[in-house]
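There are two complexes below, and they share chain A, which is joined by chain B in the first and by chain C in the second.
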Partner chain A sequence: MNIYIYTIRRLLYVIPVLLGVCFIIFFLFNVVSPDPARMMLDKHATVKQIAEMRHELGLDRPFFMQYLDVVKSAFTFNFGRSWSTRQEISEMIMDGAIPSLSLSFPAFFLATLISICISLFVSFFRGKVIDRLAVIFCVGMMSVSSLAYILFGQWFLAYHMGLFEISGYEFGFPFFIPYVILPIIIWIILSIGPDVRFYRTVILDEIYQDYVRTARAKGLSEIVILFKHVLKNAMIPIITYVVIRIPFLILGALLLESFFSIPGLGGITLDAVKSSDFPVLKAMTVLSSIAYITFSVITDVLYTVVDPRVRLK
Partner chain B sequence: MESAQTADFSQNTSKTKVAKSKSLWQHAFSSLLKDKIAVIAFSFVLLYAVVALGAGLGIIASDWTKEIGPSYAAPTFKYILGTDIFGRSVALKAIKGTQVAMLVGLFTAMLSITIGVTLGAIAGYFGGRIDEFIVWFYTTFSSIPYIMLLMTFAFILGKGVTSVCLALGLSSWVSLCRLIRGEVIRHKDREYVHAAAAIGGGDFRKLFLHILPNVFHIVIINFSLTFQMAIKSEVILSYLGIGVQELPSWGRMIDEAKDELARGVWWQLAAAALAMFIIVLAFNLLGDALRDALDPKLKGK
Partner chain C sequence: MKNITTLLTVFAFILGIGGCTKKVDVKERVLNLAVGSKIKGMDPIYANDRYSSNEVGRVYEGLLEYHYLKRPYTLVPNLAEAMPAVSADGLTYTFKVKKGVYFHDDKAFTDGKGRELVAEDFVYSIKRLADPKLQSLGWWVLDGKIKGLNEWRKKNSALPKVNYDEVVEGVKALDRYTVQFKLSKSFPQFLYSLAMTFTFATAREVVEHYGKEFLNHPVGTGAFVLPEFKQSNKIIYTKNPKFRKKLYPSEASEEFKQKGYLADAGKQLPLVDKVVVHIMVEAQPRWLNFQKGNIDYLGIPKDNFASTITPSKTLTPEQKKKGLILSITPSLDITYMAFNNDSDLFKNIKLRRAMSLAYDVNKSNELFYNGTGLPAQSVVPPGIAGNIKGYVNPYRGTDVAKAKALLVEAGYPEGKGLPAITYDISVSTVARQMGEFFKKQMKEIGINIKVQANPWPELQKKVDTRKVMMYGMAWGADYPDAENFLQLLYGPNKPPGPNGSGFNNEEFNRLYKVASLMQDTPERTALYEKMNRMIAEEMPVIWGLHRQDYVLYQGWLKNYIRSDFETGQVQYLNMDIEKKKALLSKF
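Then we have the complex of A and B:
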């Protein structure tokens, strides 16, 4: 089977998955959730008022039609209006995307780069004290609550020491930078633990392969082996690991955005949770799932391009 | 591979060699005992479990609601970890919080393992249409980002310990399901399974009595990791206001600390973060040690 047929088949498989995602979202929000009409009106609302509200929200329509609405929104990106701000949701998403990406993109890039460098360094000293310390350090860093990092950074570094902006955001290229530096640093600290552990495992898996022994036997230096042979072969799991997390960047860092008052998509999502804003929550779930599905197709296709050994089934 | 061979062996040997059939587990156990970090980590897990049980039965920290001093008293010898806004002891709150953390961790891990193992084993063993359906089902589930799924479940199920456990369990079974499915597929055509079939074992007997014990190490490792992940996620849910309500939890303490830090009240954050750090670290280290001891692929490295 050649790569084009594989790609097309992989794309076709997207349809049932997307329909399934829509079904889960529909099932959770439209079938099992508490009645939103009651949540929006106060508890003294009459039966008639509730019925009118349900009609206005389209909740009195047959379930199948409501499911079709969710599916339709996934293909047209028309998510309707927010219940709390009455704003067009697609507009909210457009507005929120830039602040989110201005935080998450540089943070993700730097975190990945730093983690790969550290793990290459650590695998060079595999089995030695540096390596063991680094592993213990990573596990330690992973074990601290992310909220603790954020609160400590905001309170101590920004408020107490005055090194960074405490919170807020300004649009435009050079102006946003002071507001995202501290969140970026916290993001990097949060991801170094799991990332270094993962990259180190991947690199060490390769280091014990036969071809490395051959390379060493013909007299190549350890550095050349590490960069030219091991890194190249470790690239497949690394690429998967990196690419599959790109869709989560659009959600930004939910907690970081909310703590540092960055008006991004993550903040919008958390506000929607707090104000029971169903359409926004649905839209964000649909959107992030679509992003995830898209990128998992890209990873699968990249796989076959990067590594000819991967057989197409 | 080691596990398959030992099980294979146990199928064919007589009673005199029963001791040998358990060699994988015995081997794992003895290497775990030699691993100092694993022993220490496990002792901490036990300690937390005892504290949680004590708090649950009302033996320890049952008077956490009592006012012991002024509001926001700083940590001194009298108030070991200071007091909160109502003058309650932060130390007792942190201890009482252990109950919620361990409860949430345990139930979440159990739920996610039950779902993951059942679906994964059925998919891997029976294959065909059932497999396709289950693969579709978990692909769908894993296409929704974990945090969105978790928030949605927690939001819809409402507040409280039970719904937090349900939400966490329902959103964290996919990775285990995928692993178990893969392992069952690798095992189902092994000789020991055919041997079991030859002496008249049915599908469920083969699956639950023969294959599952051989892939069970994955479950144990996963238990440890899911447990600590649940403790960490409970904190985030509590911060979002859709977490535990009725009992003091570390998440709620950190949430309260958010407003207190500006006044310089850091002890509530420190107590909760430290209590959490120790148990999460213990589970992480234990998970690693279990993986080293139980994963046959890592043997000899």
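Then we have the complex of A and C:
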């Protein structure tokens, strides 16, 4: 099948998925979530004021009409204003996306690169002490809570050693760099454990294949075998693992953003959950769904690039 | 090789930038504050939380404010020329507005120059607070209190556009500088509402120019200017170059006089050039930045208390060496564990009293507040009229023997016959620990408690729908009047109003109604005390603590006083730049 037709067909799946997402978030909001009018009016709320606020928010209209509004905003990307902060949601997302991405993208890229390199390295020494130590080390790193890394890193490296800013963020390049280095380092440390274990398994699956034996018989060096042949063949699971995580980068890193006072999207989402801010929750859910579908299509297309044997249907 | 060299250069560059951490600025008088919550916006009518209200108060001002150096809290004129002329029946308040006060320059004004503040601005701001289309979060302050305002609100809610030009009898500009308020009923707390951010002066042309974006374009008359608000990690205010003549006070309460708070008396405000507010949601970065000298004052985080304060409640030598100063101030607040008085179970006063007697508030204070709180005997905290000095509630714990005896009288010997009591708390580690502590205490008299953690909105919903048996809560003062605390137990204020316990006592309700219409007189204080004592012993809730604020401030910061009403406080703060340089070298 033509790659373009395949992509368009897959992207059209967005429509039923979005309708479903809209229904689920609308249902959850109305069934599980507390009354936003009550939340906004806080401790001084009276029955009359709550009723008036519900009217202003449009919560006293029939459910079907409210659902139609949700669907409409999902397809027009006009999410309106936050109920809690009264800010334009598109502005909030744009303002938050830059700090989030300035942290998550380099961190994710470096973490992936480093983890793949380490995995190839330990795979080279498979079954030997280095490999075993690496596995033990990875499990050890995964056993420590992410909060512990953040608290210790912030206290020791930033406060005690004075190597980095303790917290904060400045907009614009290169001003933000000093503020994101430490969070990036912590992100990498947090990722290495699970990532190395995954990539190592994937690479080891390949390393015992016949073509590797053939390559060795032909006298190719281990480096060439690993980087040129094994890595290429291991790319499909690696791409799946990497690309499908990219949409979630946009949502930011909740804990890191919070502890390092980075004004990203993680905080916006969390605040929206805390304050029953339905328009913001709706926007974040819809955008995440679209990003997820888009990146799964990209993953499929990339399969054909890295492995010509794969055909899109 | 070339690639490796490039890679190493890039790495060194990044590390270089990373290594260049910013040094603390000691050239300008810049006040650095840390705030633990995001700021919603800069519109006075939506500033219903302490954080937003503090930010709004740096830019906007009201007719009245609390005297910076007087305790008990005393209202003084701010944008008003003097305190109002009040009619004999206490229903009409007439204010003269200060002349020569200008709004900040903004493009919404003709030629971009801020115009003079006039009485009509207050009329507009009050109507805006009542605007049914805006659904302000401060309407409760004036709801049903100003003549004709509720009718105006109701009428306009049905119209497509709110008519601000229609005259409301209760809020009128008599001339360019005179504004008059007529109350529909006696409301002695009215003046406090004029010191709250909800009623601060906004200019109609600015609101209309920016429309829905007004909340991001604060244009007030205050000591500091903020050209545009962005919901980010930092808010930077600069000194208002056109701020009117407003001087640091020359009078003070004795305690402040003795501590040298009058050193800046008579100086033009504000005393600092810039205020930088850093939004830091987590406690650790706030604390570490403070310890580095990047923040000028900070409440001590719970987890750092033991390493900062000695058992005798003084600073540790290490902190003293840095020149830090400790301020301990009682807050106008109360924590409590409420019974659902609507349930048949808790209509039994003996059961309520028994549970209170079994609860060790002092131990709880030590465990969860590092011993900093003051055990509450009733609802009104110390520092305001209505608190009964020296009063000890006879049903306060711990007296397990008496509690057990009362439980027998209540009909539940050793807790037999009592169902498991659910105690609802909000989700947090400390709340859970407190819940477990309560459970353990009640077990000693045979009462079985089931601790249930809920997200805060869920807890509120449960209280509103009366699906709670007991729940934990705290209340902070909106204004320094006992009425603000006594209303928590006034029957008609039942949920979703502030009386979450649902306590409904006819005699208490009658007295509350009478007192709430009285002016501040010894008779009213006597009535407040009577009510305070009555509910103390009725035990509609188990009284917890009146918390105290332990705040640390840098040795170079001058005039800092912890206040329950911080709006506008920063204009009085000052700093000693030379001392800052000297002290920072010790950090």
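Just a few scattered comments:
Quick note on the criterion: the second predicted complex is superposed on the first by the 286 of 313 C-alpha atoms of A that agree within 3 Å, B and C clash if a C-alpha of one lies under 4 Å from a C-alpha of the other, contacts with A are read in each partner's own complex, and residues count from 1 in each chain.
In the analysis below, a residue touches a chain if its C-beta (ideal position, glycine included) is under 8 Å from a C-beta of that chain, and two chains touch if they have at least 3 such contacts.
All values derive from a computational prediction rather than experimental measurement.
In the superposition on chain A, contact is made by A:W155 with both chain B and chain C. With both structures placed on the common chain, the touch criterion links A:I246 to neither chain B nor chain C.
In the superposition on chain A, A:P34 makes contact with both chain B and chain C. Once the two complexes are overlaid on the shared chain, A:G20 sits against chain B while remaining clear of chain C. In the overlay built on the shared chain, the residue A:S84 is in contact with chain C alone; chain B does not reach it.
In the superposed model, A:L163 lies in contact with chain C only, and not with chain B.
Using the contact criterion defined above for the overlaid structures, shared-chain residue A:L182 touches chain C, although it does not reach chain B. In the superposed model, A:K274 lies in contact with both chain B and chain C.
By the touch criterion stated above, A:G140 is placed in contact with chain B alone, chain C being left untouched. 33-34, 151, 154-155, 159, 274, 276 are the residues of chain A that lie in the contact sets of both chain B and chain C, per the superposition on chain A.
Taken in their complex, chain A has these residues touching chain B: 16-18, 20-21, 23-25, 28-29, 32-34, 139-140, 142-148, 151-152, 154-155, 159, 208, 247-248, 251, 254-255, 269-270, 273-274, 276, 281, 284-285, 288-289, 292-293, 296. Contacts from chain C toward chain A in the complex involve residues 14-15, 17-22, 38, 40-41, 43, 46, 48-49, 132-133, 135, 137, 139-140, 143, 157, 212-213, 215-216, 230-234, 278-282, 284-285, 288-289, 291-292, 294, 455-458, 460-461, 464, 475, 496-498. Note for the complex: chain B touches chain A at residues 136-137, 139-141, 143-145, 147-149, 151-153, 155-156, 158, 228, 232, 235-236, 239-242, 250, 254, 257-258, 261-262, 266, 269, 272-273, 276-277, 280-281, 284-285, 288, 301.
On the side of chain A, the complex with chain C involves touching residues 33-35, 38-47, 49-50, 52-53, 56, 81, 84-88, 92, 95, 151, 154-155, 158-159, 162-169, 171, 174, 177-178, 181-182, 258-263, 267, 271, 274-276.
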